[in-house]
Amino acid sequence: MSTDAPERRTYSYLGPAGTFTEAALAQVPEARGQIWRPVSNVGQALDDVVGNRAHAAMIAIENSVEGGVSSAQDALATIPGLRIVGEYIVPVRFSLVAPPGTTLDEIVARDLVTVAGHPVAYAQCLAWLGQRIPHHEHIVAASNVASAVGMLDGSLPAQVAIAAPGVADHYDVEVLAENVGDNASAVTRFVLVTGTVAPPAPTGADKTSLVAELPKDEPGALLELLEQFSTRGINLSLLESRPIGDALGRYRFVIDADGHVSDERMADALMGLRRFSPSVVFLGSYPRADRRVVHHPDRYGDDAFVEARDWLRGLIAGEPGS
Amino acid sequence: MSTDAPERRTYSYLGPAGTFTEAALAQVPEARGQIWRPVSNVGQALDDVVGNRAHAAMIAIENSVEGGVSSAQDALATIPGLRIVGEYIVPVRFSLVAPPGTTLDEIVARDLVTVAGHPVAYAQCLAWLGQRIPHHEHIVAASNVASAVGMLDGSLPAQVAIAAPGVADHYDVEVLAENVGDNASAVTRFVLVTGTVAPPAPTGADKTSLVAELPKDEPGALLELLEQFSTRGINLSLLESRPIGDALGRYRFVIDADGHVSDERMADALMGLRRFSPSVVFLGSYPRADRRVVHHPDRYGDDAFVEARDWLRGLIAGEPGS
Amino acid sequence: MSTDAPERRTYSYLGPAGTFTEAALAQVPEARGQIWRPVSNVGQALDDVVGNRAHAAMIAIENSVEGGVSSAQDALATIPGLRIVGEYIVPVRFSLVAPPGTTLDEIVARDLVTVAGHPVAYAQCLAWLGQRIPHHEHIVAASNVASAVGMLDGSLPAQVAIAAPGVADHYDVEVLAENVGDNASAVTRFVLVTGTVAPPAPTGADKTSLVAELPKDEPGALLELLEQFSTRGINLSLLESRPIGDALGRYRFVIDADGHVSDERMADALMGLRRFSPSVVFLGSYPRADRRVVHHPDRYGDDAFVEARDWLRGLIAGEPGS
Amino acid sequence: MSTDAPERRTYSYLGPAGTFTEAALAQVPEARGQIWRPVSNVGQALDDVVGNRAHAAMIAIENSVEGGVSSAQDALATIPGLRIVGEYIVPVRFSLVAPPGTTLDEIVARDLVTVAGHPVAYAQCLAWLGQRIPHHEHIVAASNVASAVGMLDGSLPAQVAIAAPGVADHYDVEVLAENVGDNASAVTRFVLVTGTVAPPAPTGADKTSLVAELPKDEPGALLELLEQFSTRGINLSLLESRPIGDALGRYRFVIDADGHVSDERMADALMGLRRFSPSVVFLGSYPRADRRVVHHPDRYGDDAFVEARDWLRGLIAGEPGS
């Protein structure tokens, strides 16, 4: 690197080129012109951040059909030194691809068709496959690109592959059918993760991510956790339980709450949660992918918190306190 | 007043000498040797404080049998510039008294006995009177001393009076019977009220008094008010509704909460209440009459609040946040 | 009473004629042409019912300015065998009356005026009196009629009396001023009480009255009591604490809830309350005085309860249970 | 089948022989001597039940390390006509196996080792592999038996396989190491699923499984759902959110509650949930695998419910009711 060239940043993502994760990374303006580093799983992507081999990692966190991505949630809950700084949504569309020159009619005419596909993708195309290619079997691929690559290079003995649409931009495949997913509105939610940094400035349309454990052996503890938010007028958009792993029946909760840590009500709720929970991990406050403005009851606006602090200060000082 | 004499303070109380209120005032070490000013009702006592004619007023706030003293509660809720600085409990015992030389046998032998008594006192002696002097009628007196005085000076046409035991120390009466109250464990709770001052230092056995209104037309508003305390581990020892007065069905709530405003959890709850309620009146934090130490869950100790603030500050600054 | 004449019913009320309680009784269609029996306090009125000397008693239960009538609430909480069957509201207006021939100017011109009045009434006229007759003293009367009667017959040494407007219909008094109360919209709420009977049929605009104690020594018990109603979509119009009387800090709660015991959600809430509370007294379901229709969330309609029971029955029987 | 031979029942399970699911099925006394039908995924197992090809299906529902088995939860939530009738726990232990004659030293000495394994199993052996065979790559297998079979028959180009210990009973493999899993206490929870039947009789140590959706767009809806249980003294041992699938942010909740539908409090809670939730699926009440007796507050025992019903009936009939 010459001294007069600006240093380029590295972004790790689940590769290779063509995956939905790459499509998510393409939504990040700051990542343009930087180094995009494809890795083979979430653990590697986050390791790159922790080990300073990457400035940030783009990872899938939730699918609208399949639910939370457990490995990503567990990694964020347990690896220290990470912060979510952005959220991105990518529509999940699948194409059925084959080696060049193949036609769908040829495939349909076969007695048995072997379909390569990532298990999650395969599960989301079952209705289409059942109707159009009922006589098929499934062979597992590691990603929505690896399915096509394996079919092409022969490492997967398949005639067709379920693949992300971006595959056609990078590999020489025949697209037999587009939108073969069962749910046309399926999306995957991704988050961009860096090392520990101050949260990005609030935009009015923000989200705060947390992981919290419950006090042991207290009936009603989850209710009390939820009240930390409800009594401050904060709505939750996500609440998922994940096993802590030490015993059946012990869970931590992955939480997305509407608002930013710089909002007084969120700061107050976080402090309440910190007092209540034996373990809270703050994962970050960042702009929502959908840019939907967060509304809240008037009584929980910043002014109300500032005014209440002033009032309390006056009470303690012996002032009338309005 | 000469410059070399210390100025004496005035304490207003429901007089005359001999009332339970005087007995409460006698429990205040600071009041010894000061000016005790008997007044005829709660309103006058508090007016003396507001108008700087008295340093403090002793007023009855709750009776263990009859409940809250509405006039006192309403006065504290609506008169600005007052603070409770102490709480005192006086056992409520009643004596049956008569003019000197009278015997109980004489009284019992009459066809009809007229009994002078404050209505609250009379109501608390009904069982005794019904058994021992069934043929009696009741004439209303303004206080537990005025009953005896009126009987003696003839302004009340009664042969006997229900009176506070202290009456015998100040007036020439025959005590026909002691402890004629139906409930031997009855007590009255008094509070000492000054103008707006900083709360007395916490003792570990304190109580905080408040009056709060609910937001209008919100079902569940009372639940949410109570959660401001329960989510901070604070117990309430009193919750009374009092009409706001503008319409049936509109109430304010008189609250006694365990703890002191200098406790972090109480300060936090007060700020929460201030945000939630359209009107909160802080009446003071002061030592409990029973000196019972206030306990709280470990997670709501002061340390937890300090630690949570530090944690939050770190999060916002971009520190790892443990 | 001849055998062919229908037997007349007796209604006890706080008399004498002219009181607000009589005005409440005048609102009861069934009471017309029946025997109206004036008594001197709430206890006597309810005793008449319990002892079968009266079919029903009309008693004041709440004043919009002064709050709940403690003696009435306590009597209903502790005397078994009573049911509220109706609710009536009477505007509270006060007149200043004097012996015939007196003028207001004469009164105002005096150095000192003695005013007879029931303490509650006197408290509600303080502003008017302070402005028009500042030089006055107060003498206590037993009712809003006894004030005028005592002034007329000389048993109360007063020149004027605060009285209910109805007094002028029954006694020869001079009305010096009408509407001398400080709050023009003040009302008193009365209830009609009988022995234990089945509740009157629901009207869609009903109210259910209860008295409940909390389990001992359970923080959060009041919250849990309130949830018995909120989780069934039932709004409370009244919640008052009253001392149980055995010790400071022990309360029972007087509750008015919107709806009728024949509503499924109310029946369910009552059963929930019965399980939760060590002592529940059901005081009755009856039409609201204001005839305001009770609304409830759709999900808590009767149909939902019937449907849920059928569903449960199916589950237990091994039916699919949709 | 001859008419004098009893008909044998079919139990479907994730095969082939040797899987953890087979170990779970081996815990079912009723399944001994019956037909065990290995299938290749949860969907097939449940289809067998719905289509009457099997009496019951054994499926994995939760892993103590990896969490809920999403596909099983989603299938139970959406396929009508199913009931859970039993719960079984199997310790999750992994062995490292190789073709006969191989030694661990030989494997460790290789430059690169290809390890066949089900992704969930591989994830649970990462620490052991990282320490003992750091130079390895992973190839995906469909089950903890298929990994070994694929290695043996050459369809997976691997030198070793992570497999369930039972594999050694059915296939000719060399066990290089036992207990290579990172978490020695890991277990998997299985449920036995039949068509819709009446629940098995309560044992005092039972669990009830449900799936419920929340009313749309109601902040606090989850709190209200949880209160349906807490206000009846019922503890939840599992609460998992699963996407409904129609849009991001829309979830259904998978719930395991302590107790049996024949318990009054559980029946009451289920009816409450039915009224509250737009969609509830009852999955069954059945004995807990751990046989831990369910405790509950006295006030929520069956007697309390029976007594409350009698009390209510009396109130409505006009009886004194206390």
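By letter and in written order, the chains are A, B, C and D; residue numbering begins at 1 in each of them.
In this section, a contact is a pair of C-beta atoms (placed from the backbone, for glycine too) under 8 Å apart; a residue touches a chain by one contact, two chains touch by 3 or more.
Going by UniProt, the chains are A, B, C, D = Prephenate dehydratase.
All values reported here derive from a predicted model rather than from experimental measurement.
The fewest steps needed to get from chain A (Prephenate dehydratase) to chain C (Prephenate dehydratase), moving only between touching chains, is 2. Among the remaining chains, not one touches chain A (Prephenate dehydratase) and also chain D (Prephenate dehydratase). Two copies of one sequence, chain B (Prephenate dehydratase) and chain C (Prephenate dehydratase), touch each other mainly through matching residues, since over half of the numbers at the interface are common to both. One finds 58 Å separating the Cα centroids of chain A (Prephenate dehydratase) and chain B (Prephenate dehydratase). Distance between chain centres (mean CA atoms), chain B (Prephenate dehydratase) to chain C (Prephenate dehydratase): 26 Å. Annotation for chain D (Prephenate dehydratase): residues touching 2 or more other chains are 227. Those chain pairs judged to touch are A-B, A-D, B-C, C-D.
Those residues of chain D (Prephenate dehydratase) that touch chain A (Prephenate dehydratase) in the shared complex are 62-68, 70-71, 89, 123, 140, 142, 183, 185, 187, 189, 219-220, 222-223, 226-227, 230, 235-243, 245-249, 251. Put simply, chain C (Prephenate dehydratase) touches chain D (Prephenate dehydratase) in their complex at residues 80-81, 83, 196-199, 215, 224, 227-228, 231, 261-262, 267, 270-272, 274-276, 280-282, 299-300, 304-305, 307-309, 311-312, 315-322.
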